[in-house]
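In the two assemblies presented below, chain A is common to both, partnered first by chain B and then by chain C.
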Partner chain A sequence: MHLFLEQLLNGVAQGAIYALVTLGLTLVYGILRVLHVAHAAVYTVGAYLGLLVFNTTGSLALAFAGAMAGCALLGVLIERLVYFPLLKYPPYVPLIGSIAVMLSIEELLRLVAGPYILTFPAKLPFPALHVGGFQISPTLTAVYVITALVLLVLWFITGRTEVGLAMRAASQDMPVADAMGIDSHFVVSLTFVLGSAIAAVAGVLVGIYYNQVYPTMGSVPAYKTLAIIVVGGMGSVSGAVIASLLLGIAETLLIGYANIPLPRDALAFIAMIAVLMWRREGLMGSGR
Partner chain B sequence: MLLEARDLHVAYGDIRAVSGVSFRVDRGELVSIIGANGAGKTSILGALMGIVPLARGTIVYDGDDITGLPAFRRARAGIRLVPERARVFPRLSVTENLMTGVYRQRKKVPLAERIAWLYELFPILAQRRDQPAATLSGGEQQQLAIARALISDPQLLLVDEVSMGLMPKLVDRVFELLEDLNRNHGLTILLVEQNALASLEISQRAYVLETGTCVAEGDTRDLRRDPRIRQVYLGSGTD
Partner chain C sequence: MSAYVITIATLIVIYAIVVCGLNVIVGYAGQISLGHAAFFGIGAYTAALLATKGHFSFWGALPLVILISGLVGLLLGLPSLRVRDDFLAITTIGINFIVEAVFLYVPFFGGALGIGGIPRVMLAGIKLKGAAFLLLCLFFLAVVLAVCWWFTRSWAGLACFALREEEQAAASMGISPVRFKLTAFVLGTGMAGLGGALYAHYMRFISATDFSFPVSITLLAMLVIGGMGNLWAPLLGAVILGVLPELFRPIVDYRMLFYTGLLLLMIRFQPGGLLGEGSFLRRRLRLKPGRAAA
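Now for the complex of A and B:
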């Protein structure tokens, strides 16, 4: 029982991290209908920026802030310089552009930071939680609290502010949103700012969680998050969060208990294939 | 003159939807553009609003050349559109749909008053205010689209095929409402319609469109007497 609970808590943390990476992808797909594969590279850049700021200043708060600001800028640059000029072409064109950006950033990181695994020797300043004689480690607590905070802020912005209303309107019918006085290009850029800043949080968090930062750390998330948004329902934020948590838990339990000769990363794709066969709109999709 | 369009051309790839149409709308007028399906009416309204690219032509609104202005700036300058088939935001509630109409303008209009007035005009919207717009019937969505366009107190209302898909009883009500907004609230309206009979009845002037060009224009009284127009658009023979 004790082991099971421990695995479950680890799984939730893993799922929370998946959710943080996937949110940006979901938001971007929701508004632009572009599969923003390069988002995973933005996440990697977030980890590197966080590590750089942490090593220079010694402040974890500044590391998060710096990574978020840098990634927000990078996200907007990708949107303005790559996607915006390509949107008039069929969807596979921006997708190919996105893959190119992803590979370029990975190679650039390899050139600048070197093809090594760097360590991220930071301690997240969270207390260990004691629940009924059971201990939740500070790192897990940090992942839970930070993810909950990010989701809360995102919910507030999209659900309770005027610009959030504009984001939702533009994602449902962009020309009509424009005709209502909404500057949808600005709204799209804002979406990239939000998604990329959240990816930065995920990058720093993962760097600390596994104590590893390396150029290709975004490769597995790049395709796994694609599977997650298919399972959750393309463009659905709640679907992406639920699918992320389920996947994190399933993967962790699978490794902990089952002796199936199956790589853990395959699970996301089995789930994706199952969803495509039985429920094409995904868990929370609107069926569009 | 509130709006003047000169030599408008709209093309989708090789297909020319509008070729060289000119018209004007004076302040306080209700003007119709009538014509069969595919005559280019919706393209003209889209081009005026700025959501359909113009291949050639000039649009002057309130003394300013707005040809190069993006749609959201035209909206903030007081032009509002009731799109063809309503195009409400399906997953926003009725109230949220209305609020998109006053994006960044909430302080410029007496909002509570406007909402109360609109709910009085369209009581069904008040009943359904918290429902997603997708759950409304076609007629209710059309009413919501009109309310969404009116909430910001626009200077120029562009109305695209508002009668399409509505029950005849509702068509009458909507046309009565447009007439009332024009006569009693001083709202300038440009109406685009297949339903020539109903739209000519409430407008002062009209333009007749055929496959992207204007074939007739003038006072509605004269147009309604024109034998050719009677035959083609009003469904009655010459005597």
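Now for the complex of A and C:
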């Protein structure tokens, strides 16, 4: 029972991290209908930027802030320079562009920072929680609290502010939103800022959680998060969060208990194909 | 020709055959596939298993390899009937990851050790290697190009073009999307299987990572750079992406960056590829005869 609870808590943490990476992808898909594979490269850049700022200043808060600012800028650059001019072509054109951006950034990071695994020796200032004689480690607490915080802020921005209203309007019908006086291109860029900043948080958090930062740390999330947004329902934020948590828990428990002859990374895709065959709109999708 | 040049040329020809198959699916039928390496791998593993465990000759196994690759293509092409565009792209990525995982984790497929000891191709009692094997590959490339050429002029090919341009309009004209999409999938994956068989008998050792997702990206990059839907694009793309890394061997560290950067610039400024409609190369080529006449 003790081991099971431990596995479950690890699974939830894994799912929370998936959710943080997937959120940006979901937001971007919701508004632009582009599969933003390069989002995982933004997340990797976030981890590196966070590490750089942390090593020079020693402040974790500054590391998070610096990574978020840098990634927000990178996200907007990708949107303006690559996606926006390609929107008039069939969907596979921006997708291939995105994959090319992803691989280029990975290569740049390898050349600039070296192909090694760097350590991220930061301590997250969170206490260990004791629940009924059961201990939750500080890192796990940090992952839970930060994810919850990010979700809360995102919910507030999209659900309770005028900017959020504009974002939702633009994602439903961009020409009509334009006609209503919404600067939709600005809203699109804002979506990239928001999604990329969240990816930066995820990058720094993963770097600390596993104590590893390396150039290809985004290559598995890049494609796994695509499967997650399909399972959750394309463009649905709540669906993406639920699917991420389920996947994190399922992966951790299956590896811990069932001795399946498949690597954990294939699981997301099997779940995805099952969803596509039986419930194409995903867990929370509207089926449009 | 030195052994070095022959090796590069053989691999380029094999990749061109596989990309021809991708061209049928993506270029002609308009069904995006990001998992073509999976079918390349299925062909290679089938050929390798038939040769090492079944003791088939290359020639005896070849029809079976193409048949099995085509059948798996038919099976995995079924999702394309239900899903489109973005969903299809993600599904094919998923297929690639799952197929690679199966090769890697099921002991029957050699697991992480792969399959070794694949015999060379025999023709009239002679073991084909070096230039002779290159000639064999070129022969198969010619066959594949001829099939592609015939396909673009056949009723099935025209139906696929119609589906690519506007599926609903084509369906309302009585063109069955199911039948022709699956035809394209079977033909395309069969060609990938042929390429896989040649690859297995050439390398004589295969493992799961030879057919991983980045290989699919490389195959697609070859097609994109050549120009989707053009008969000669697979050959042009395979030659460019096969030769460039060799030319840039001196600056080996920057090779991958150059390669991905080229793909990015290509898709950003010339998404139709070098031989696509309205590309700068086409305009150049069209100008030339005019000038010569004047």
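The rule is simple: the second predicted complex is superposed on the first by the 288 of 288 C-alpha atoms of A that agree within 3 Å, B and C clash if a C-alpha of one lies under 4 Å from a C-alpha of the other, contacts with A are read in each partner's own complex, and residues count from 1 in each chain.
Assume contacts are C-beta pairs under 8 Å (C-beta built on N, C-alpha and C of every residue); 3 or more make two chains touch, one makes a residue touch a chain.
Remember, it's a predicted structure, so these values are computed and weren't measured experimentally.
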{"item": "Touched partner set for A:107, first chain B, second chain C, both or neither", "value": "second"}
{"item": "More chain A residues in contact - chain B or chain C", "value": "C"}
{"item": "Partner chain(s) touched by A:91 [first = chain B, second = chain C, both, neither]", "value": "second"}
{"item": "Partner chain(s) touched by A:265 [first = chain B, second = chain C, both, neither]", "value": "second"}
{"item": "Partner chain(s) touched by A:177 [first = chain B, second = chain C, both, neither]", "value": "first"}
{"item": "Partner chain in contact with A:166 - chain B first, chain C second, else both or neither", "value": "first"}
{"item": "Residues of chain A that lie at the interface with chain B and also at the interface with chain C", "value": "none"}
{"item": "Touching residues on chain A, where the partner in the complex is chain B", "value": "162, 165-166, 168-169, 172-173, 175-184, 286"}
{"item": "Residues on chain B engaged by chain A in the complex (per definition of touch)", "value": "46, 49-51, 70-72, 75-76, 80-81, 83, 87, 89-92, 96, 99-101, 103-106, 148, 152"}
{"item": "Contact set on chain C toward chain A in their complex", "value": "26, 32, 34, 79, 82-83, 85-87, 89-91, 93-95, 97-98, 101-102, 104-106, 213, 217, 220-221, 224, 253-254, 256-257, 260-261, 263-264, 267-268, 271"}
{"item": "Interfacial residue positions of chain A with respect to chain C in the complex", "value": "29, 33, 35, 81-82, 85-86, 89-93, 95-97, 99-101, 103-104, 107-108, 111, 223, 226-227, 230, 234, 261-263, 265-266, 269-270, 272-273, 276-277, 280"}
